[in-house]
Structures are given as structure tokens and as C-alpha cells.
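Remarks on the structure that follows.
For clarity, chains are labelled A, B and C in written order, and residue numbers in each chain start from 1.
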Amino acid sequence: MPSGQTVTFLSDYGSTDEFAGVVRSVLRRLSPQAVVIDLCHDVPAHDVRAGAFMLARSAPWLAPGVVLAVVDPGVGGPRRGVALEVADERGLVLIGPDNGLLMLAVASLGGVRQAVELVRPPAPTQATFGSPGPTFDGRDLFAPAAARLCGGAPLTELGPRVDPGTLVRGPVLAIRREGAQVVAEVVGSDRFGNLQLAARAADVAHLGSSVVVEAGGARGRLARRVEAFGELAPGELGVLIDSSGLVALVLDRQSAARALGAGPGAPVRLGPGAGT
Amino acid sequence: MPSGQTVTFLSDYGSTDEFAGVVRSVLRRLSPQAVVIDLCHDVPAHDVRAGAFMLARSAPWLAPGVVLAVVDPGVGGPRRGVALEVADERGLVLIGPDNGLLMLAVASLGGVRQAVELVRPPAPTQATFGSPGPTFDGRDLFAPAAARLCGGAPLTELGPRVDPGTLVRGPVLAIRREGAQVVAEVVGSDRFGNLQLAARAADVAHLGSSVVVEAGGARGRLARRVEAFGELAPGELGVLIDSSGLVALVLDRQSAARALGAGPGAPVRLGPGAGT
Amino acid sequence: MPSGQTVTFLSDYGSTDEFAGVVRSVLRRLSPQAVVIDLCHDVPAHDVRAGAFMLARSAPWLAPGVVLAVVDPGVGGPRRGVALEVADERGLVLIGPDNGLLMLAVASLGGVRQAVELVRPPAPTQATFGSPGPTFDGRDLFAPAAARLCGGAPLTELGPRVDPGTLVRGPVLAIRREGAQVVAEVVGSDRFGNLQLAARAADVAHLGSSVVVEAGGARGRLARRVEAFGELAPGELGVLIDSSGLVALVLDRQSAARALGAGPGAPVRLGPGAGT
């Protein structure tokens, strides 16, 4: 590929510290021909579940190459670092901690074809202020592994093979049916306040064009099935299939999260509307 | 150009979601030789006016290539997607929704030379969780169009020509004169709390070196014309021509926005100071 | 180098304005073969000290090339712009204001080999709304200098030589010993609430595995020396050597900054624990 390898980079490092920048620097230094595509660095701190969903939602659009994902509260402890080659035709390899973060995306990409446990390179012996501690595996373990793959190393050079069956499982879409009603967890709330639910289009198809929504302890609120935000009147609640293929609760140019008082992890109950 | 095409990318996608990252991934995948320059992704949500001013302020410094701008509350509705080639010698093409977002920059770049309406490519039929809805045109419409231009396609391959006179108008500098006084709207407030006004240097030239500022309902406050922040005493209000050529109200190392209780859209009245 | 020069870019421009994006655009335009690595743009506004420590922490991992650092409350005033070549084998050149921002990193990189004062290029005469003021040296002074170095210009073409002894000094690690106790300033607080102290491993070696921590006006709180977050019980305070080699106060998956009510600049007292 003339323009070099791609490393797609997701983390919970945030923007106020140099963590993501240092990882980018390590990649640039070890693999100058690689291009880093920042997917997102504001996964809520330590929130493996949110990171797993974000990676899964993004999976169909990722460029071929390496995916470097770090949401890693167990850093420095016994959890493994892994590299997972998936069956998808793009030949993506996902690198990160073995804590479930990668697995929802892996499942959407055809599952694991080959997995290895990352062998730790020699620790940096001297940082600016002395010998650094083992709390920055993005810099010290994961980025060097990504750079080696970009440089042409085969997966099996990164470490010993791992039985995919031993990998920590990822999160699931938490949804259940109660009669005609559907109870689905809020997967996430985006910048615009749209509430993404753990429900697919098929899960709500029986509800018709009018839906009663119970969330955040409030009484049922009537919502309308729409395709786009602009179909809604001011303040009217909408139910639409969002850009990831999941059911979302939305308002036009307002925050459904604020209007409903609901956020990630909260259960939302959807039932058939009166006029259905 | 040996280092590939440039796509300058502005949006209101924010940093907490994967939206900007997915658009970068699509560009990388469809046009691996292109380089994405992130201009800003924290335009206030849905704020077409703020995005239009930001793009206009940035216009003189943009690298040749494609500008991809997405502040698009009407996504999924009838508003058009457009690509506008401007008369500027850099041959920039601006891509985004036809909602006024691009027009202030276009005007500063010599106006439209050629405009087309983007023809929608086939919708993605399968995302991770099912068939996605039409609410992410950055990913599904605008980025693919930008990639085609980077790949060498002429503008007219993206869709049918549009009469530039039919494009939605952009925002204007809201300013009026009342005797010796000038009433100008706050265009924006930056990270440092500097208040940018809808006034050019010529609009305040008659006011001299001492200016009375009325904003946020408070009584007139005396301000001094300066060239740099450091000329001001602690707490002293300053009036300077900022890096975009607009009049700004500033303090040294403090927030004028907070001190005056004013923000975007608020009217500010400037009059000649007592000693002038 | 086939993949072009690297410009590592740090600033306090934040993410809500176009400032960092415009600097990236200028670099792309003037030096299309250069690659920009964003280190961080959310240094607290005007906080030269915080930026200096961030740059110093990052220094060992930076890619060869130019470092462009802008935290510059004195912009437009008499402070100099400088380019400093350091003795480090990577041949890094650091560009920024002469206000101490660069000096802690410079010291960690072997000191200054050669320094020049940047000569200001002709000011931009026409921005979108008129002739711009002198308040954006990242765009008008520092980025053009970085681009010239990327294009192969020798350091001395950027301006006259400067005696390194005249450069404004950088911040220092503020720490003192009182008997068996150590009083160290908080250098910074990261996204996860970890409090980095102005103390190295050797400064706390005598304290043993149990440490009494006084911070934020509260009574002494017992903390335990650990190597990783996961060794701590919920709510237990830990002392570890962090990824920069400095002493940090941490909790497992919680914010030590919030728990202790302490932030940058606050003094923290560390003493031997009861059981030591």
C-alpha cells in the first residue's frame, strides 16, 4: 500500500493529558510509514463496555490495518494484552487488553481467526524523571506491538498463540420482551443527547408507528416512529433506527437524554401506543 | 502533489463520540492517499452560524484541496448536500449541507465558480446491528464525495449542476450604527474568553483609544484600545483587532466573556470614551 | 526520511476553537510533506508551567523532528520566539515562546546545543474580515518557522543566534524535606484523577510501604505503596511510581484528586506510616 499502514486508535485517555499524543509519538517513531486514524479518545474513563460498543459500531467502516484500543483499568495487573486477527476480508488485527473491550467488534467482524498474547518488550528504563512504573501499556506494550505489525511482522511474532475460547467475553445487548413490551438498556448517549438502545429494528417492528416510552422513572410518554430528526415537532419524542442500526430515542435539535432523564445503563420500556 | 490530497474537516460531532473518527476512517478507506486536517469538531451542536463563522475565519489559511464541513441538523430531511468550487486560486472545493454553513467562507474565497448537488450513493445495507438509518450523512454522503474528488473525479461527476443563486444564504455580521455608537453582535467566545464582535477595524476607528462598552445589561465599562493582551493591567478591559481582523473584547489572562456576562448572539454597544 | 518530517504539536488552544486546526492548515500548506502529531491541545489556558511539565514528561517518546509548543499569554508583547536545537541524539528542535515552556523538556534532552530568536515573517495583510492583529503567533510566527525547518532550512536561517544563558528558565520540581517527611507540590492531575507529585522514586524510598498523606487540609490518610491500580481495595489510597517516573497518589478506578480535594500547585505532605 503506497500510503502506508493504518492504525485506528481508540482509548479512554481523554484530551486533557498527553497520553494519546505519546502513543501517537511512539507509533510515529517506531513505524514512520504508518498513519494513525483517531477514532475517539473520550470513552468514559475505565468504561470497557462503552468502548466495546463504540468499537463495534465503528467496525464496518474501519480502514484495513491495525486497531489499537485501550480502555484498561487493569493495567499493570495480571490481565493479558492480546492481538486478534479477525475473519473479515480486510484482515484487521485488533490490539488491546483482554478485558472484553475488543470482543463485540470481533464478533461483528466474523470472529477470531488467530489470537496471540503480547509478550512485553523490555520496559523503558529511564523516563524524564526516573524509571517509569508499569501503568501505561498503551505506550509500552500495545503501541510497540502495533508498530511491529505495521512493519510487516507476522502476528505470531508478537507472542504465543492463545485459545480464542479463553478470551474474556464482551458486553451484550441487554434486552428482554415482556408481552408486547420491550425493555432495553440504554447503550449510550451521544453529544446530541440521542439515546441509543440495546434494541434492533426487528425488536420494535411489532410496535407500529406510535410507541409509549417509559424511562427515568417518569410516566409513559408517547413517541412517534420517524426516519429523521426533522420530521419531529418541537419537543416531540421520536423513535428511529440510527446510523448503527439500533433503536434510538431522539428529539429534533434537543437532547432526549435530558428530556427523559436517562443515560447509559438505564432500562427503557417501549410499548405499543394508544392509537396502534 | 506527492504527499496526496488534503481534506480539511470541520464538524459539530464533538469528541465524545466516534462520529468524526468514523468519517476519518471512511476517507482513509476510500482515499488512502488523502490527508485529513482536523479544523475543529467542537462547533456547538447544531449551530450552523457558529460553524459558518469558524470556517470563514479559517478560510485564508486552508491548504488546497477539499473542505468537508458538517453542521447539519436537517440531516435525513430534504435539504441538499452540495459541493462548491470557489474562485480562489487554491481551487478549494467545499462539501457539506446546503444550509448556509459554507457560504460565509465561500464569499471570502471569491464566490462560487461551480456548484453541484451531491447524488446519494447506495445506502450501506448492513451496519453492525442491522440496516442503518439516514442520519449520518458525514459518513454516507459527504465523505464519499470528498474521497471521489481526492481520487481525481471532476466536480460534475458528483451530481447535477446547481444554480448558485439557489443556495441557502449564510449568516452576516450583525452590526448597526447609532450616532457615534456601534451596536455589534457577539460572533463567538473563544477558549480564553475573548469576545469576538461583528465589527471590523473600520467600524470602530472613529471611537479613538478609549471606548465605553455596554454588554450583558451592565453599565458602561471603560475599555482601552490595545494591540496585545499584555498591554492591559489586571482586570482592565481591552478592545483589539483580533487574529481574524474583527474587533474583540479581551482581558489579560482572564475571560472577558465571564467579566461581561456576554456570549454569542448578545448585542454589545461601543461608544466613545469620556476622555476622547 | 521517506514519510516526511514530523512536527509534534502541543498547545493550550483547546478543542472548541479553530486555532489548532488553523496551525495544522498552515503547516500542511507550507510543508505538505510534514506529518503533524498532536501531543495535546488542552493544556490549561495560559498555564506555562503545566505545559512545560507535559512536554518534559513526553520528551523521551517524541519522534525525531520539530516540536511546536504554544502556551503563550505574552503573545503580541516583547517576549521572544525561539527555536532550540537540543543535544539529544534525535536532533529535536523545539519551537515556541521564550517563557520557560520549553526549558524543562530541553533540560531532559541534554540541554541547548544551538538557539536562535525567530525573525517575524511579513504579517498577513488580509484575513477574512480585514487586517489581522498580532495575537496568533502559532499561526503567524511559530508554524512558518517549523515549516521552514521541515523544508530543510538550517536553524540559523530562522534568525540570529541567542545565548542559551539568556533564555527564560522553566519550572522546577517543588519539593522539600522536613525530617522524615516530604512536602511535594502537585504537578498535575490527569483525566483519571491521579495526582502527580513533584517527587521522584528516590525522594520517597525511605518512607517504606505504608505512607501517611496530608493534602487539601484534611487529616493524614494512610496510603499503601503499590505498583498498579488493581492492587488497591476500593477506596484505598495508593502511592505509586507513575509512567513518567514521578510519585503519584491514586485510587483504583476512582479519582484521588476528588478524594483528597487537591489539585495542581497544592502541597502534599508524605510521612512514614504507623506500621513502618
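The rule we apply is simple: a residue touches a chain if its C-beta (ideal position, glycine included) is under 8 Å from a C-beta of that chain, and two chains touch if they have at least 3 such contacts.
Treat the numbers as computed from the prediction; the structure is a model and nothing was measured.
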Classification of the chain B:chain C interface as same or different, half of numbers criterion: different
Superposition rotation for chain A onto chain C, Cα-based, multiple of 5°: 120
Euclidean distance of C-alpha centroids - chain B vs chain C, Å: 30
Two or more partner chains touched - positions in chain C: 15
In the complex with chain B, residue positions of chain C that touch it: 4, 12-22, 24-26, 28-29, 32-33, 45-46, 73-77, 124, 126-136, 139-140
Touch list for chain B against partner chain C, complex: 1-3, 6, 8, 10, 15, 35, 37-42, 54, 56-64, 105, 108, 173, 190-192, 200-202, 227-231, 240-246, 252-253
